[in-house]
Structures are given as C-alpha cells and as structure tokens.
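Residue numbering begins at 1 within each chain, and the chains themselves are lettered A, B and C in the order written.
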C-alpha cells in the first residue's frame, strides 16, 4: 500500500509543505523512521528529531515553527498526535481487512454465518454455531457447537472456543486463547483419588473485550464465567470457573483469578498476580504485579501489593526493610548484649 | 435435549410431585435456575430458595417437608445431591458423545484407530500413531508419529502431542495443551552461546489423568517425563523434562515444576508455585499458592509456604510481621535511643 | 531404526569388544537402559552400573579398565561422552528428518517456498510468506501474510506467526507458541473505558533462537520486538511489545518481560521472574526464579533476587531472617520490657 502526501492531506484535512507526490508505505516513530515512512511530531521535546529524520513525510501541528533546514515533506494539521492515531488505525484496518471463506474450512450445515465474514482455511464452525456480520475467523480456529459470536468479532489463528459459549460484539481474541475449557473441579474419594465434577456451564464474553494470546478462561460448573464489557486481558492469563471480571477491568500478563472470585469494574491488575477463590475485589482497585491476594478487598479505589495482601505503600516500605533485616537482626543482638551488661552492672550497684 | 419429570424420575428411581410432563433442557443452581431448568435441594440452609425458584423441576430428598406454596414440580429421591450429580454427568456425557470421522482429517496409512472413535476435522494422526477405543480427538489436534493413546481418551481442540509419547486410558487433555515438547537443555560453549542437547525421551501419562488448557509437559532428555495415574493438572502449568508427578497429585494453574524433580503421591500444589529442579517432594505435602520451593521436602503430609520454603504456619506468621516491619524498625531505633541514654546516665552514676 | 555395534564403531571411529552384530534401536542412560539400548559410561563414579546394565552396547573411554564380568558389548572411543552426544544428535536428526508437503495444506499463490521443505497437513502459508530451504513446518501451523522464515527453521505443531514477522536461520519454535500478537496497549478515555492503540510493528527473531511451547511474543506498537541471536526461551514465557532480548540470553519457563524493556546479552533469568517495563538489564546478569525486577540493573554480571529486587546473597540472607521474624519480634518485646524495668529502677535510684 502506497499513499502520497497529497492523498493523506485530504484524508486529514491538512496542508502539505514540500513534495505533494512524496509517498509512504508504512508508519514509524520519528527517531526510527526510514525512507518511505510517515511519522509525526507532537511533543516539542522531540523537535530536534524533525531535522534529522529519514521519514518521507511528517505530520506536525499547524502552529509549529520550523527553525532549521528539513529534508522531509510536512503535513500540517490541527492535532498531529490525533491525526497520526487516525492513520494508525486506518492502516491497521486496511491490513486486517480480510473477507471470504478459504478452503478447506469446516462449516457444520446447521451453523449460521453472517455477512462480510472472513473464515480462514482449517477453521471449524460446529453445529448450530452462529457468527455475526464482519467476523474474522483466522486459520485453525475452533468454534464449538452452539457457540454464538456477535458482530465484528476477530479470532486470530488457533483460538479455541468450547461448546455453548457466548461472545458479544467487537471482541478480539488473540491466537491460541482457549475459552470454555472445563473448570478445575474434582471431589476427593475415600481411596485418595478424585472424581471429576462435570462442568456444564459456559463462558460469556460481553462487548468490546480483548483477550490475549494463549490466555485460558474456564467454563462455569453451572451458570457462567463472565467477562464484562470493555475488559482487556493480556497474554497467558488464567480465569477459573464461575469467576467474573467487571467492566473495563485491565489485567496484565500471567495473572490468575481463582474460582468464583468477582473482580469489580475498572480494576487494574499487574502481571503475575494471583487471586484466591471465592472473594471479591472492589471497584477501582489497583493491584501491584506479583501480589498474592488472599482475601477480599472491600474499600474501592485503593492500591495493593504484597506476598500476603497489604496496602501498596506499606508493601514498598516493609519489603525494603526486609532487605535491611540482616542488619536489623544484628542491631537487636547488640541491644541484647548491652542490656545484659546494664543489668549486670545494676545488680552490682544494688 | 428435552426431558420430562416422568422420564427423569424413572432414571433416578424417584417419585414425581406435580406435573409429570414438566420438561427441562438444562441444569442449574436453585438460586439461578430459569424456566426449563432442573435443579436440586440437598442442604436445608437453601430451603428458602425452593419457594422462589424459577426451576421447572427440583430434585429433593424423600424426607423433605414442604412448608410453603411451591410453583415447581418435585422429584423425591433418597439422596438429592447424589441424584443430581448422576444427572450432571449423564447430561455432560450426552453432550460430549461425538463419534465419527469428520473430513478433512489426516490419518497416516500406518496409524491404527480403535472402535467408536470421534476424529474432528483438521485433526492429524501421524505414522504408527495408535488410538484406543472410544477416543475423542477434537478438531485441529496433532497426534505425532508413534504416539499411543489408550481407550476413552479425550483430546479437546488443538492439543499437540509430539512423537513417541504414551497416554493411558480415560485421560482428558484440554485445548491447546502441549505434550512432549523438547526439554530446555543447552550446553554453554566457550564463546558464550549454547549448543542444544538433543531431547530424545518422551512423556508417559498414566490412566485417569486430566490436563488443563495450554499446559505444557516437556519430553525427557532420555527416558520419560512421567505423570502418574489420577493426577489432575490445571491450566498453563509447566512440567519440565524428566520430572515425575506422583499418583493423585493435584496442581493448580500456572505452577511450574523444574527438571528431574519428583513429586510424591497425593500432593496438593496451589497456583503459581515454582519448584526448582532435581529435588523431591514427600507424599501428601500441601504447598501454598506462589510458594518458592527451593529444596526437597522430606517429611510427609505437611503444609508449606514462603518466598523461600518454610512451614505454612510460619509463613503466615512471619509474612504478617513483614507488614509490621516499618513499625518494628522504629521500635528498635527507639530502644537504641533509650539504651544510649541509660548508658550515659549509668556512666554519670559511676 | 536398528544399528549394529559394527556400524556404530565405524561412525565413531571406535573399536568393538564383544558382539559385532549386537544391535540397538534406542539410546538410554546406563542405569535405565533396557535390551536393545545403546548407552555410555564417561564418569568413573558410574562404573558400577556397567557391570549390571541391561544395555546391549555401551560406549566407553579407550582407557577404561574392566574389573568385573560384563554382559554387554563395548565400543571404545577417545571421548565416550562426546561420542554419545554425537549419536544423540544424529538419532534426533534422523527422527525429525521429514520432507514433503502433506495434503491438505494451504499455500497462498504468492507464498515462496524453499527447497527440501516439510509442510504438514493443515499448515497455512499466507500471502507473500517466504520459507527458506530445509524448513520444517509441522501440522496446524499458521504463518501469516508477509512473514519471512530463514533456512532450516522448525515450527512444531500449531505455532502461530502473525503477519509481517521475520524469523532468521536455524530457529526452532515449539508447539503452540504465538509470535506477533498485538501488544497490550490501550488509551483510557474519560468515560472509564479504553481505546485500543493499533499495534502495527512486528517481531524480529534472529538466528539460532529456540522458543518454548505456548510462549507468547507480542509485536511492537511501531518498530520491532527483537529476540537477538542465540536466545533460548523456555515454555509459557511472555515477551511484551517493543521488548528486546540480548544475544545468547536464556530465560526459564513462565517468566514475563514487560513492554520496551531491554535485556542485555548473556543474561540468565530463572522461572516465573517478572520484569517491569521500560528498564534495562545489564549484560551477564543472573536473576533468581520468582524475582520481581522493578528497576534497571546497571552493573554487569551480578546475581539478583527478591520480592523487590536486591542482590542475590542479600535476598537469601534477608528472606531467611523473614522466617525468624516471629521470634525476633518477641525479642524486641522482651527488650522493651526489660528496658522499661531498667528505667523504673533508675528512676528509683535517682
């Protein structure tokens, strides 16, 4: 895909300074840009880069005053950062704009497929599966029996969705993620082994959710594991059966939420956090990476950390003192010695 | 699937109170049940729900005395909880009762396939692979050359089993799990890079094991990585080369077992635990989530925790004191001040 | 595959003691070997095993003096360990020596495929994808549009590589790994939800890299996430957008590197380590399993550990004192009591 400065200026409602026919085929940061790239300058701190960039075209604010010689073509707009974001999204949409059904793919005769859909080779749609309009199902995906996907859902390569799960509109699920695997439920027997507890519930994913690569979300024992609208999950996250993640909550990579736990809205959870089962986390909580959350958080909007949960400031203070423990221990021993001496002397005095 | 109260009562050897033709198509908890659901009441604590449930049919104990008006049909049985568990399992078995070979799939001419098997589209059976009876291989699975699966093995979508691995009877492996990838073995060279050490062993999985979604189990360097009978592994677990997990051991999500470590029987390991290589964990040990196990556990049946391994009660006590460290440090400083004063005074006294 | 003692001795330039026609079909450790196995003895500590092994053939050093009766055939060579390593590698190369294109597979008409390639069934090569010579692409792999693979690249079953990524020569990627998924980038809005920031960069993997099963490496927002030559990544690792991993660095399972962080060369990182974003880790650093790295490491070649980063020796010392905290707290309380008494007495004295 090639675009000229003129074409881009029309799109952005901007004005060109330089070569109207300057053309680009990719987007890049101003400090990394090569010939054939489009870049932008919004933050005055980076102005120096403008005079040395190899970008062919740079989008700048209308108000920018040029103080040195430049080699690139400029497009002046009201808001350079906003304009570049628009282009970034358009560029990506163009790149990912696949449609059509590649062969061989597998569509069960009872499956229902919407308009304007992409279905990659080796993708599988089970019995009574439903696909909304403008869905993109990449190669090697598995959509089980009776799964429902809304409109404009993207499943990247090799996503697996077990039977009966429900996915809303505008959901993006990255490669290798697994939705609806059995919850980890077993009943111990007297002989020391375990009987499987059938997991007959499902997973419900609401609108505008994004789920990272190789993340796993287990189906409920009965009822639903629920991912509310606007949730963003990073890669390699584990969500156990009957958990619920509140609207617009964001969870970083490799964190795990145990069974039946309810996370509130607008919670921010760092990477590698572990949260025990059957608790609830209040709205707006922020949890530091690697925290062990062993009890409910009831107060809204606070920051937390710790090997065992504690307020974040306390976590920082107390764990930095952990580093001083060898020295503190010595100081205690020193005190004990001195006091033993003092006592001896006092006894002598008496 | 629709069933009437009459049909279900025959199955459970129960008696119907209400509408013999009341019909259900799903199972649900009594407090979440909708019209068309079957539910159960076993725990007297939940009796109140019986009078308000929207379930169409509720299974109850023979002995239950109804004290208010009810809208649903009852089926009375000896043991309501047991009867419901039976139905749950039957329901699940019916749902998962797939057979037949979907096209296109790939079966190497030298592969051997048992009776009554399901092979999903885009599933792959390599040279000399063997499948027992009643196996269910979901779409996009990969069963490598010379892999042996016993009877009644279920591989959910996208499971990959490398060449030469052996899987017993009644094993369930969830979507995206990888069995038999190369162990992480490299020999450093003098020039600072690494030579790969060939990993020619395999993975052996015994009967009645369940393995979670996207879990990875590496093949042995030589010999076998072994998962003993009845083991239950949750999602996103890492089992390294030449490790052995003892019978009926249960491991929660995102834990990792390093190379050549031997876990005993009936061990319970929480989520996100890390266990170093070349150690052994005694039978019946219980290890708290996120523990760092850095040495062998020799005593059987104890509980453990800690950033560095320690008995669980000690872990709780000592890490709660970590939270008090800023205050304890102040108390030490206070003591030091007082003692300095006391000493001064004593010197004055002398 | 069957080989005789005579054939192996020719390959290794060794001499046979025993049955020239003794034949083996596999390799094993001397203490685990069965009939039909080839084994080796290099370390004199294991000499006892030689007199009891069930191996059919054992490779030994030229200089070894036999002191008891043996049942197996010997092959004497200059360096038994080195000779065995050669065989291990040859054996593995033979086993993994697949070529040809299985059907059905999907090769976009614009894709370019090198010589001597293996392409498994249900593997997918997107538009303008390029495959070098001697590549092995196992079943159910996805190679997106415009992806470039060098020579001698192995993708085990179900690897997914998103569009535009670049992979060097002699790279091995294990089953289920995901390369090039979107970085985790979202801009919060005033209404509490998030807008996706398009991730238009790629992943670049240099020569001689090995990547473990179900590991995920996100594409850069713009530019590249880079894995330098000789890097070895274990299973279930997360590498976030715009991160860079230096040459010959080794990372154990389940560790996570956050966005834009730069790891130096020859770093060794244990399992389940978490590293925050936008920092750098000096060349030759060694980081203990489960460490939380919350700031840059500037000094080269040091060892680190800790819940909050600290030098490794300090980590060991201070966390072992954490275990003593309940006792230390008592000692502080004891000191406080004694001092209160001492003070009282002093006041009485005055």
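Simple rule for what comes next: a contact is a pair of C-beta atoms (placed from the backbone, for glycine too) under 8 Å apart; a residue touches a chain by one contact, two chains touch by 3 or more.
As the structure is a computational prediction, the values presented were derived from the model and not from experiment.
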Cα-superposition angle relating the copies subunit B and subunit A, to nearest 5°: 120
Shared interface numbering between subunit C and subunit B [over half = same, under half = different]: different
Chain centre separation (subunit B, subunit C; CA means) in Å: 25
For subunit B, residues that touch 2 or more chains besides their own: 104, 122, 140, 158, 176, 214, 236, 254, 272, 307, 319, 322, 324-325, 328, 332, 335, 339, 342, 346, 349
Subunit B partner contacts - residues on subunit C that touch it in the complex: 26-29, 32, 85, 88-89, 91-92, 95, 102, 104, 120-122, 138-140, 156-158, 172, 174-176, 208, 210, 212-214, 229-230, 232, 234-236, 247-248, 250, 252-254, 265-266, 271-272, 289-290, 307, 316, 319-320, 322-326, 328-329, 332, 335-336, 339, 342-343, 346, 349
List of subunit B residues in touch with subunit C within their complex: 104, 106, 122, 124, 140, 142, 144, 158, 160, 162-163, 176, 178, 181-182, 184, 186, 192-194, 196-200, 214, 216, 218, 222-223, 236, 238, 240, 254, 256, 258, 272, 274, 276, 292, 306-308, 310, 314, 317-319, 321-322, 324-325, 328, 331-332, 335, 338-339, 342, 345-346, 349
